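Got a structure for you, questions after.
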């Protein structure tokens, strides 16, 4: 993989993450996530870890995507979730969320800068390294969205994006060695289980209380 | 006599009254319900007999009991024997007398008066108890036993004082108790201080060491005043004229005859009399002398204004004890004189004890005159009075004893003062007889049933033993001398002057102005202004106390309010939890950032 | 073997008793009574055996490490066994009394269970061999007395129990901090190892003084030192046997005993004197004595008056500690026991009046001496002893306090003693007057608040006998103070250990 | 010998999984069965304990290209023993609990595999010497815990469980991010290797900060504790017991392990962590005091008690060796004491609520007469929480105080004092309610005897641990503070 392809993939990932996280239309957001996961899978393949690519495609894209779509679907005799996030927008708290995310970004950036300056990174890791800024961006976007959104489905999406960002960062920093693969595989499995569990619970919660947030008072 | 017999006698003397005390509730419990038993039976009256036996038969000796309190040492020596003898005799005869005196109570109790029955039971219980205290303090050589005896006697006698339960009795009892407690406190302070400084446990050790102690004179002052309460030192005497008239007559007799001598015994036992003491003790002696004389003369003046014969007699006791105090003071002032003075003081105590006992009992006799010819009765009533004034019998011997000692020590000024006091005594006696005569006349007019058996018999016996004191006292080792003929006038003139004065006053006033004075100078003199002042002070401080209590309540309420406000503030703070819960994600980011900052900038 | 056996056996008698009582069903009345009494008697036997052994020079100790350099130590020394003797003896009486007192009342299982625990902790306190072990049982005492104070479950009782906890738990913490500080400074000090602190140089004086006062503040709450006494009068809502236990044996005594241990066995009297701590203690104690006596004067409820009297009397112990020299020590140690005997008598009697006649206020006592002569006799003995009249034990305490004060060069203490005696007289004599000399319902005046006929005698014999027994003890212990094994004699023995090399 | 010990260890670690599955298929009906089946595990650990005294048992597992490192030192072994005991007690209790409270609820069977998974995960965390193994253990534990919490299926439980789930997941990601930085910087996941090469440079620091953020969230340290209390409100009693006693502490264990390896000298940050702990003590105590349902009191008390553990950070950083040793021992003792006591307390509270059928404090009136044993258990457990003697909490507090005083870190003394007072306040508030006599009579349901016995044993163990503390602590010292 060349550096420019890495740049292109990274940019694509950021855009897809934005699409996924900023859209109030939930189905669209889920679809964006599936595409995002597919791109991730492609990236893994390009980085020379096909097993990981397959796992990402299977666990991340297929199963997680299916689970997310299931949340919005009609299966079973429980009432269907509204297709649009109708929670009121955050008012004064929004800047704080941005600031927190920014601080997180700066912090991670500082750590990376220090790491780069120390020169202890493998020198031939340009491709991986060029993915790092995009990974950071994706991660921070995910983090922001997780803190900002109220709708639980969107928070699950945010969590998945955040996770992918972290995986990408991991690979970018340490290269796709066996340890990294192990970590990412565990992470993927956990994310899948978490998402499935989250979706099931969300449907249950909606069925019981017609609520899609954690705050008992706030309606959908 | 062997040591064992002495020990048995000593223990019997002290224990027998207590056995009789314990016997009372036992008998009551054994008596069938509904049946009324007269608790003052003849066995009860034997309470002081072992003590009398001890005084008469016991040789000098001591008994040590290591298990007893802090180590008991009970001693019988010459002065103690005399004191013990007259005390036991007085108690014995008074007890016998009481059996007759309280017969009226018995009749009421038999008639179903529960209050009378319980009064009787109480009297029967407390009389031997008081006696045991009195005896113990006389024979005690260790300080703890002495104090024990003193306290038992003092507190048990309270029940005797308020026997009748009338308002006057309660007031008298209160005065008695308050002053007694104050006295006990002073004594305790003095004893603890001296014992702590000297490290001794016996009275003789205390007496010998006190004189050279650094602050010894202050201890002396404490002891003087502490025992002075009992001995009626001027100013502290106020309970005497209040308590004596209200107590049953036999109780008054022992109170005035025997118990107030405990104060004197205390002085003699603790003050460094006859020891080469620090010069400060001379000042103390001077003070005792002056205050004693003030008491001796002042009490006489107050006493003649009284209407109740027992009140007059009580003042007379104050006056006599004042003389004794003056003599003791002289002993402090001039230690060299004390060996000569001491027997005189003991004799004086014995004489006064018995004679005053007779006089008190005589008051009862006067109120319930026996079937005797009037002249005989009058004579028998007058003789002890004359004796007390120093005209004849034990009075004369006593007076001569201390006069001789004082002349020898070159204290003729004191003799003059004491003679003045004797004038006062004569006046008091005249006043007593006058009051008694009036009372007897009243009684005869009312036609009261004269009382039989124990009362007059006991009284007569006591009259005889009091008058003949100098005759039988040598048997106990103290041999008083009779005055030579040429000294008689020197001894009699105060009496003659007193009689003349009394006649003059009696003729001048025919009783009226004295009654006026009596109204203005009630028995207990200082007690009334003091108690009024104190109660006024109490009333005045009342609002302050209320305010203090209110302030305390407000303080507590303030704290409670503060606590409530604090809790509600905390509750409000606790509401922030919702916020924390909602923003956990942001908080996590902030915690991480904060930690990172702390990590980066701490050692950088 | 026996060296370790006896302390543990003594301690576990009541622990095991407590456990079994908790396991027994509420209705097992007879079994519980038998168990209670058997344990109490057994404990007295064990303590007596140790007393005998100690006077023959045997040692009884057991220890094991809890932390590095910190051990759990049980050791029967002369001072500890003295306190153990007191508590086991009075436990027997209080148990008997409590059985009678709680007849037909609910929650007896809980009561007796915690009652036994309370005594176990008191025994632990007396046998503790270092401050750490002491603290363990001291806090256990707090815990086990809470249910007793709250026993009735009324709002008043619960509030009082809460107040009690606030005071004692805070004090426990303060105590713990002081002990930890001392431990940090000097390591594990066994009671009696006075040389450890004595060897510290002058630069540590300030720290030692500060730690001392912190510890005193911790002990002072239980010992009821003014101004830390606030819980004591409020805790009076507890049932009478509990009050008796709190005031005479367990809680208040534990505080005083702690101060005794602190001064004599940790700091040592010499060092305390050199640091100027004893004078401070004497002043604090004097203030407490006088203040509490004044407060007692103003109370109209019998038990509250007794409570303030306790505050005042326990400070005699502290005062005695404050007087440097063997006499002061004898006074402190003997009064520890004397006060227990007298105060427990008074509380038993107060309980008897409340149970038999429903009397709670002093002005209701008129003429009770006729209705309940034996109880009133016992009460009088206790009250006169408190005043300090011979031949009761209170007199002996006062005697040694006074003489000890002079020996320590503080004759002003005598004034405190005298004034305190006068105040004692001022608040006890009126009670006695009402008992014996005022006409009451039995003389046909008025009516008892709530009369019950609990027994064949003036009240149930379960209630009467303990009161008489303790009254008798307080007379005999005073009258025959010179005999061996009386409180005074044993206190003298301990004081000699402290002051003679 | 060594290999036999390793084999036994792994058998003991893995055994809960098949046991849990077996129980899923065939739910046990008697407590005895559970105890018999599972008591072999603590026995195995007991057998191992003296063998790790001399030197840690360690090894690695090869898995493809990966090698996973593990290490059983004295601390790990003791924690393993503690875990097994508490889990055994909870399992036994759960049998009774199902019989008494949930008869007919089929979802109960799912409890067993989750419990097995949890046991395995916890064991994994204690023995892991490798960040990957730690990660796997942490995640498995988190998911199992969430699963167990969700079992009741009520709306509140679901909401609380969801919150727990997503925060746990995000916490893991923060931790993973930190791990990514560490791995990128030092190129190894093995703890020993990391300790050898890592220096406290900026990357390490930031990595640790991120990692700590995630772990603090999972460990419910103030102010990240928000998820903890709601989760307990509707969870089943045995689940709460396990969770409050063990699960939250695993994250703390990981944090302190890494912190000591990588940043032993970071004093300021350690103080920040200490301050967080102090705030937790105060806030948790305060909320517990003001809470009005029994379970909330117990749950809030967990928040407060966890704060004490955090005091270890400042007491370890830059202090004398003796202070560090004391603080080290104190913390583990506190952890163990709290684990036992908290499990007991949850169970006792559960018993009280089951018997009275009410959960509010005011409904406890009269329980001291009717349910003395449960209340007694509650009280004994509370003794440990309050740190009153002779409990483990007391001994730990003694050590903590001593360490604070010796190092001159006075603020912690105040924290300990205030924390104790607050603890006493909420404990006695409960007891006080139970002493009220004049209250309407409840129906009191009888409970199986074992349900009373198990918490009582746990509580007594917590108390007794204070007296025999020297036994485990000596082992800890032998293992060294490292």
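Per-chain residue numbering starts at 1, and chain names A, B, C and D are given in the order in which the chains are listed.
Just so it is clear, a contact is a pair of C-beta atoms (placed from the backbone, for glycine too) under 8 Å apart; a residue touches a chain by one contact, two chains touch by 3 or more.
All of these numbers come straight from a predicted model, not from anything done at the bench.
Enquirer: Where the centre of all protein Cα atoms falls, which chain's Cα centre is nearest to that point?
Expert: C
Enquirer: Please state which pair of chains has more C-beta contact pairs than any other pair.
Expert: Highest contact count belongs to chains A-D.
Enquirer: Once you find the CA centre of chain A and the CA centre of chain C, what distance in Å lies between them?
Expert: Centre separation, chain A to chain C: 70 Å.
Enquirer: Measuring centre to centre with CA averages, how many angstrom lie between chain C and chain D?
Expert: Roughly 42 Å separates the two chain centres.
Enquirer: Could you grab the centroid distance between chain B and chain C? Build each centroid from C-alpha atoms only and quote it in angstrom.
Expert: Centre separation, chain B to chain C: 36 Å.
Enquirer: Taking the mean of the C-alpha atoms as each chain's centre, how many Å separate chain B from chain D?
Expert: 77
Enquirer: Which chain A residues touch at least two other chains?
Expert: Expected reply: 107, 146, 214.
Enquirer: Would you pick out the residues of chain C that each touch at least 2 other chains?
Expert: In chain C, nothing touches at least two other chains.
Enquirer: Two-or-more-chain contact residues of chain B, please, as numbers and ranges.
Expert: 582, 585, 589, 592-593, 596
Enquirer: What are the touching chain pairs in this one?
Expert: Per the contact definition above, the touching pairs are A-B, A-D, B-C, B-D, C-D.
Enquirer: If we count contacts the way the header does, which residues on chain D are in touch with chain A in the complex?
Expert: Answer in residue numbers: 63-66, 131-132, 135-136, 139, 143, 146-147, 150, 153, 155, 158-159, 161-163, 165-166, 169-170, 172-173, 176-177, 179-181, 183-189, 201-203, 206-207, 209-210.
Enquirer: Where on chain D is chain C touching in the complex?
Expert: It comes out as residues 329, 368-369, 372-373, 376, 379, 383, 386, 388-390, 394-395, 397-399, 401-402, 405-406, 413, 417, 420-421, 424, 428, 431-432, 435-438, 466-470, 473-474, 477.
Enquirer: Which of the residues in chain A come into contact with chain D in the complex?
Expert: Those residues of chain A that touch chain D are 107-108, 110-112, 114-115, 118, 120-121, 139, 146, 152, 155-156, 159, 162-163, 166, 169-170, 173-174, 177-180, 182-183, 186-187, 190-191, 193-194, 197-198, 201-202, 204-205, 208-209, 211, 214, 216.
Enquirer: Using the touch definition up top, name the residues of chain B that touch chain D in the complex.
Expert: For this pair, the touching residues of chain B are 567, 570-571, 573-574, 577, 580-582, 584-585, 587-589, 591-596, 598-603.
Enquirer: Per the contact definition, I'd like the list of chain A residues that touch chain B in the complex.
Expert: Residues 93, 96-97, 100-101, 103-104, 107, 143, 146-147, 214-215 of chain A touch chain B in their complex.
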